[in-house]
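Can you read through this structure? Questions will come right after.
Per-chain residue numbering starts at 1, and chain names A, B, C, D, E and F are given in the order in which the chains are listed.
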Amino acid sequence: MGGYGDVKLLNDDGTRLDGRAIDEMRPLTAEVGILPAADGSAIVTHGLNVAIAAVYGPVEAHPRKIQRQDRAVVDVRYNMAPFSTSDRIRPGYNRRSREISKVTAEALESVVLVERFPRAKISVEIEILAAEAGTRCAGITAASLALADAGIPMRDMVVGVASGKIDNIVVLDLDKAEDNYGQADLPVGILPTTGEIAFLQMDGDLSPEEYNTCMEYNFKAAKEIHQIMIDALKAKYDGGA
Amino acid sequence: MGGYGDVKLLNDDGTRLDGRAIDEMRPLTAEVGILPAADGSAIVTHGLNVAIAAVYGPVEAHPRKIQRQDRAVVDVRYNMAPFSTSDRIRPGYNRRSREISKVTAEALESVVLVERFPRAKISVEIEILAAEAGTRCAGITAASLALADAGIPMRDMVVGVASGKIDNIVVLDLDKAEDNYGQADLPVGILPTTGEIAFLQMDGDLSPEEYNTCMEYNFKAAKEIHQIMIDALKAKYDGGA
Amino acid sequence: MGGYGDVKLLNDDGTRLDGRAIDEMRPLTAEVGILPAADGSAIVTHGLNVAIAAVYGPVEAHPRKIQRQDRAVVDVRYNMAPFSTSDRIRPGYNRRSREISKVTAEALESVVLVERFPRAKISVEIEILAAEAGTRCAGITAASLALADAGIPMRDMVVGVASGKIDNIVVLDLDKAEDNYGQADLPVGILPTTGEIAFLQMDGDLSPEEYNTCMEYNFKAAKEIHQIMIDALKAKYDGGA
Amino acid sequence: MVELVPSLLRQELANLAEDDRRIDGRSQWQSRDIKLEVDCLYNGDGSAKVTLGDTIVYAGVKFEVRTPWPDRPNEGSLMCGAELRPIAGRKYEPGPPSPESIELGRVVDRGIRESGCIDLQSLCIIPGEKVYGVMIDIHVLSDGGNIFDASALAAIAALRTTTVPASTFDIGDDHPLQVSKAPMMCSFTRVGGRYVLDANEQEELGGNERIHITLGDDGHLHSLQKGLKGVFTPAEFAEILDVAQLRCTELRDMVSAKEAN
Amino acid sequence: MVELVPSLLRQELANLAEDDRRIDGRSQWQSRDIKLEVDCLYNGDGSAKVTLGDTIVYAGVKFEVRTPWPDRPNEGSLMCGAELRPIAGRKYEPGPPSPESIELGRVVDRGIRESGCIDLQSLCIIPGEKVYGVMIDIHVLSDGGNIFDASALAAIAALRTTTVPASTFDIGDDHPLQVSKAPMMCSFTRVGGRYVLDANEQEELGGNERIHITLGDDGHLHSLQKGLKGVFTPAEFAEILDVAQLRCTELRDMVSAKEAN
Amino acid sequence: MVELVPSLLRQELANLAEDDRRIDGRSQWQSRDIKLEVDCLYNGDGSAKVTLGDTIVYAGVKFEVRTPWPDRPNEGSLMCGAELRPIAGRKYEPGPPSPESIELGRVVDRGIRESGCIDLQSLCIIPGEKVYGVMIDIHVLSDGGNIFDASALAAIAALRTTTVPASTFDIGDDHPLQVSKAPMMCSFTRVGGRYVLDANEQEELGGNERIHITLGDDGHLHSLQKGLKGVFTPAEFAEILDVAQLRCTELRDMVSAKEAN
C-alpha cells in the first residue's frame, strides 16, 4: 500500500470520493463464450478493470515431467497488456505477474475436480486489458467463468473480491486512488456455496478486528458477484432466459 | 527508409554519387566451398557487403516436435557480426535478424525439394561480416550457393536483389547512402529460371508504376547475378574450366 | 590484475600489510556434513572467504543428451551470493562464474572415478557467501571435501591454492588488497598425493622464474591445506578422534 | 465445422477453388464482416478493437517522454509491437516473442511508419532534450485467420483516435494526435492454388504463402511482405494489387466513418 | 527417517493427526528449535543465519546509492529477493527464478515493507538526487521445511543489525540502520486435515495449503498469503491467527535478546 | 579422412604417439600452416582473418565513446568476446553463449589485457566524462582445431592494425591505435598421452586436457589456462613453456612482417 496519509479519501458525509458507500462495490459485468478459438472464455469488467480469461483443455500435459499421475495440473498465466496501466509496462511476465499466476492457479486447483483428469493440463489464460485496482480479483472471477464455460467440473466457483482500509475505515472494493493512498488491501477468492476461501493475500496494516470487518464485506460482495456470474452463464446456456 | 529529402543522391549528369548508372549493380563476386567443416558453403561480396553461408544437413530433425512428416524443415539463422556495421551491434539475435531469418527460410523452402527428406532438418547459417546496405539479398544469394554446394536438390536458385527510389528516380541496388537517405527499397528473391518470386519485402513509398520499374531492374540484375553464381559453382566443380 | 603500482603492499620489514610473511597463508578452516539435505557438503573459510559446497548424486543424468556412455558427468555451479562482495552483484550467473564453473568441473572430473558411474550426473554446488580474494580456490577445496563427504570415489583430492606477485615479490595467497593492486595471480588445483595439477589459471605478469617460485609456494601450502581437509573428514567420521 | 487433417483439407480447398468457391461460401475477393470499436480501453491513450470473423485483436497506444536519439534531436519515436500469446489459440505457446509475432509487429510497424502518417518532428517537446515516444501494442485475443489485416486496422484506428496525454507529463493540455494519413493493409493467401482475400483459419491451415500489401491514401505502396512457403509470379501480384487498391479504400472509409461519430 | 511415497505419507500423517500427533513427535503448535546468528558475513552490511530444524537460511543486506524515483524524490528504497538454488535440495533446479522463489521473496518483502519498520525518508541523502537503496537477499542453503519463516526471520534480524556504510559512499560516518519495528512471520500448513505450526519437509511433502501471516509489534496484520492447493474456513483462520500472535511475540523476543548481546 | 569413433581414435592416437608420430604427419611441436590477413573488413576499425589448417577465425575491432567508470575516470576500456555460432561446426548449437565461447573470449581477453599492450589512459578523451571503449569481437567461422591460438592471433593482429575512428566522434583526426606489445598465445593438447602443439580437430576429439599460455615480448607469462579433463605435472609444464617461448616468437615475427607490408 502506498500509505500516504495526506490524501483524504473519504468525503465529510462518510461516502467515498467516487460517491460509493463504504460497503459498496464498483459495478461489475460478466459475459461468457466471447472467444471463438478457446474451449471456454469470459470477460469481466469490474469498475474500469477489463479482464478476459480463456481456458484450453484438458489435454495431455507436455512435457511429461509436468504430468501428475493422479490429477490434472492447472496452468495459469496472468498477464497485463502493455497498454493496461497508466505507465506502459513492457510485454512479458514480471515478478508480480508470476506470483499472481502461481497463487491463482493454486486457488483454481482447489475447486476444479482435477482428480478426474490424470496426467492432463488445463490452461487458463488471464489477460488484463485495463487496470484500475483489483485486477487479480477480476481475473479470478473471469477464470472461474471461463472454466465453467469450458464445461470443466468444479465443486464451486471462486469469486475474486477485495476489501481494505482507507482513512482508518474499512471499505469494500478499493478503486485506484484508494489502492494508491490507502492503508490496507485484502483480496480473497471465496467459494460462494461452501463459504471457504481458496485465495488470500493482504498487505498494509489491519488489526484483527479490521480483518474481520473486511472479510464480512468480502463475503457479502461475493454473493452479489456470484449472482452476476450465474446470470452470465444462464445468458449463454439458457439463451438468456 | 530514412527518407531525408535534403540529401542529394543523384549527380547532375544523372549518375549516382558513386558513379553508377541508375540501372547498374554494384560489383558482385561469389565463391563456394570455403568452409571445411560445413556440408556446403559460399561467400558473396556485393559492393562492400560480405555474406558467408554454410549448410549443414539434411539430418534428422531434433527435437521431434519440429519434425514434419512429409518434408524437411529449412532452418535459417541470419546473423550480423558485431563488427559488421558502423555502430557495433551486440552479439545475438534481434527482432530484425529474426524476421529476416524467418522470411529467408520460407523463401529457400520454396525451392528446396523438401519433400525428398521427410522428418529432416537442413540448417542454413548466414553470417554478415560487413554490411553496406543489401545484406539480406547477399545472404539469400550466398545461401542458395551453399545449398547447391551441399548437393541439396532444388528446383531453382533464389537470387537476392533490390531496387529502390532515390530523388524520385527508381534505381537498382541501393548502396548505404542511398538506403539511408532514399525513399524506398524493394528487396526480392527471384527464381532466375522460372521467373517466380520467393522473397518479397518493401518499405518506403512507391507508386504502382515505380514498383513495376523496380521489378524490371530486379529481374535484369537477377540474370547477371545468376551467371556469376553458375560460374562460381563451375569454378569448384569443373576445376574452374 | 589491477596492477596499480602506486599502492605499496609490503612493509619495510618485508612483511605484508596484514603482517603475514611472504610465504604465509591466511588462516583456513574446514568442516564437512553441514547441510542436512545434500549427499555431501562442506564449508571452507579461507581468510574472510566463506565457501559452501554441496554434492548431489550420482543420479541418472537428464536429459539423455548430456549422458556419457562410459562415465559420469560432473556438473559444477560456482555462484557468488549477492551480498558476498563489496558491491552487491545481481543474482544469477555471469561470464566470470560460468568460466569458473567450467574449469572447476573439469578439474574435479580429473580426480573423480567417473568411469564407475556411466550415464550418471554428479552435481556440485559451490556457493560463495563472502569473498575476499581467492574464492575459486576456496570453492575447489570445499567441493573436494563435499565429494569425499558424499562418498564419491576419487583418486586424490584437489586442493585450491594461489600465489602471486606484489611489489615485484612473489607471495603466497593474495588477500583482497593484494589482488586489487598486485601484479599477478596464479590459482591452481593441486593433487596433494600425486603432485599433479588439475586446475590452472593465471593472469598478470610473471617471469618463468617467478612462475616457478609461485608453484613452490603453492605446493607447500597445498600440503598444509590437505592436512586440514583430512582433519575435517576425520572430525566427522572418526567422531573427531 | 468439420476439422480436416491438412492433406485432406488441402484437397478440399483445391476442389473448391476449381469451382471458384471458398470453404465458407465467400467469393475470391470477399472479406468477412469487420467490426471496429475505438477508444474502448481505460488507460490506453488510444485504443481499438477489431473483430474480423473469428479474429479479435486489440491495439493500445501509450506515450512516454524520453530523450531523443543523438542523431535525431528534433524527432520523437514510433514503435509498434505485437504479442501472440497462448490466449489467441491452441497453436500459440508461452515463451519469448516468436518469429511470427515479431514479423506481425514489424510489418504493421513499417506500413504505418513508411506512410509518413505521423510527423516525428511533431513529437518533439524540447529539441535535444525531450521527445515523445509513441508505443502501439497489438494484442491478438483470438486468431481466426488473417490477424495481419485485423492488427494493422486496429493499430491505425487506435492511432487516429489517440489523445496526446500532455497534461500527464506537465506539457500543456491534452490534444488529439495528428495523424495525417490512413495507411491500410490488405493480405492475400494462396488457397487451392489461387490467391484469396482475407483467408480464414482453415484456409490458412491448408494454404500456402501470403502477401501483405500496405497502401497509402494515394494508392502508393508503403510496405510489402511475403510470408510462408511458396512463390508467385509478377502477373499474380499485379492482380492482387488491383484488388488491394479497392479494398484499402473501403477500409479507409470505414475508419473515417468511425471517426466522424 | 523412512522415505514414504506421498500417498502413503498422506495416510500416515492423517493417522497421526487423528491422535493429535506429528511425524517428528511435536505437538500441533510447537516449533522446531531455532538458532539465530547475526552479523556473520564479511561484506554484508547486515547479515543473519537462521537454522530451523534442517532448514538453513542466510540473509544479507547491501546498500547502494541511486537517484530517487521521480514521484518519490525524498525516499530511498527497500527491496527483498530470495534465491532457491539447487544447493537447497534435490527438488530445486538451476535456471531463472522459479515462481516459488519469487513468491518467497515477495511475501517476505511485503511483511517488512508494510510494517513500516523502515522509514524510507530516512534513506534520502539529497532530495531528488541521491538516496540509499537497501537490498535484502535471502539465500536458502538447505530446505528442511518452512523456509518462509526462516527467511523472514533472517531478513528482519539482518536488517535490525545492519550498519549503513555511509563512509563507503563519502556520506559521513557509518551508523546503525534505524529499524523501528520487528515484523515477524508465522506459517501454518494443513497436515492430515488440520493446521500445524512450522511444518517440516515431510509434512510439507504430504500436506496441503499453507498460510503465511506477518504480524507487527502491535499484533496487526501486515501481510497474508495463502499458497498451494487447498481451502480454509474463516474459523480455521481465527484459530491460527491466535497462535500466530503468541509465536510472533516469542520470535520477537528472541531477536531482541540477540540484539542485546 | 576416415571418421573414427572416439575410443578407436584414442587408441590410434596413442599408437601413433608411441612412434612419435601424429595423425596428420606432423612432428610433436609442429604447427599447421597459418595464413594471416589484416584490415580485411569494411566497417571494422580493425580486422583480421586467420586461417590455421581447417580453422578460420575473424576478429573485428570497434570503438565506442562512453563515460568512464567512476573509480577510473582517466581510463578507457578494452573488452574481448568470442562467438561460437553454429556455422563453426556440427557440434555448435544456437542459443545463449556457451561456457566454451565464454572461456575462449575471456582467455584471449586476459592475454591481451594483462600484457599491458594497450595503455588504457591513452583511451581517455575528457577525464571523468568521455573515454573510448574498444571492443574486440572474435567470430569463429570454422573449427578445425585449436581455435584458441587462431582467435588470439586474430585479435592481436586486428588490434595492432586498428585505426581509432576519432573523426566519427568529432574528436580530431583518425589515427592508428597505439599497441605497444604483441602478446601471443600458444596452446598444447594432451594427445596419446603426451602434449602436442596446435592440435587439429581429430586430435582434440581423441585428446585430453589442453593448456593455453600467453607470453609477452619479453617471454613473461600473462595468462594461463588449463581446460578439459586431465592433469599435468610441473615437469610437463616446464617442457611446453620452452616450446611456447620459441613458437610465440615465430608468431610475433609473422605479425610484424604483416604490419611492415
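Convention: a contact is a pair of C-beta atoms (placed from the backbone, for glycine too) under 8 Å apart; a residue touches a chain by one contact, two chains touch by 3 or more.
Since this is a predicted model, take the numbers as computed values, not measurements.
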Item to complete: Can you give the shortest number of steps from chain D to chain E, where adjacent chains in the path must touch?
Response: 2
Item to complete: Quickly list, by label, the chains bordering both chain C and chain F.
Response: none
Worksheet, complete the sentence: Chain centres computed over CA atoms; the one at greatest distance from chain C is chain D
Worksheet item: Where the centres are mean C-alpha positions, what is the separation of chain E from chain F, in Å?
Response: 48
Worksheet item: Taking each chain's centre as its mean C-alpha position, how far apart are chain B and chain F in Å?
Response: 32
Item to complete: Find the geometric centre of each of chain B and chain D from their Cα atoms only, then give the gap between the two centres in Å, rounded to an integer.
Response: 26
Worksheet entry | Residues of chain A touching at least two other chains | none
Worksheet item: Counting only residues that touch at least 2 other chains, which ones in chain E make the list?
Response: 97
Worksheet item: Looking only at which chains touch which, which shape fits best: line, ring, star, complete or other?
Response: ring
Response to the item:
Check: ring from chain B, direction chain F, yields B, F, C, E, A, D
Discussion item. Taking the touch rule as given, give the residues of chain A at its contact with chain D in the complex, in rising order.
Written reply: 35-38, 48, 50, 52, 54, 56, 77, 79, 81-88, 91-92, 123, 125, 127, 129-132
Worksheet item: For chain C, which residues are in contact with chain F within the complex?
Response: 1, 3, 70, 95-96, 98-99, 101-103, 106-107, 109-111, 186, 191, 194-208, 211, 215
Discussion item. For a test of understanding, state which residues of chain E touch chain A in their complex under the given definition.
Written reply: 7, 97, 99-100, 102-103, 105-106, 110, 113-116, 209, 211, 216, 219-234, 237, 241
Worksheet item: What residues of chain F sit close enough to touch chain B in their complex?
Response: 41-45, 47, 54, 56, 58, 60-62, 64, 81, 83, 85-90, 94, 96-97, 135, 137, 139, 141-144, 168
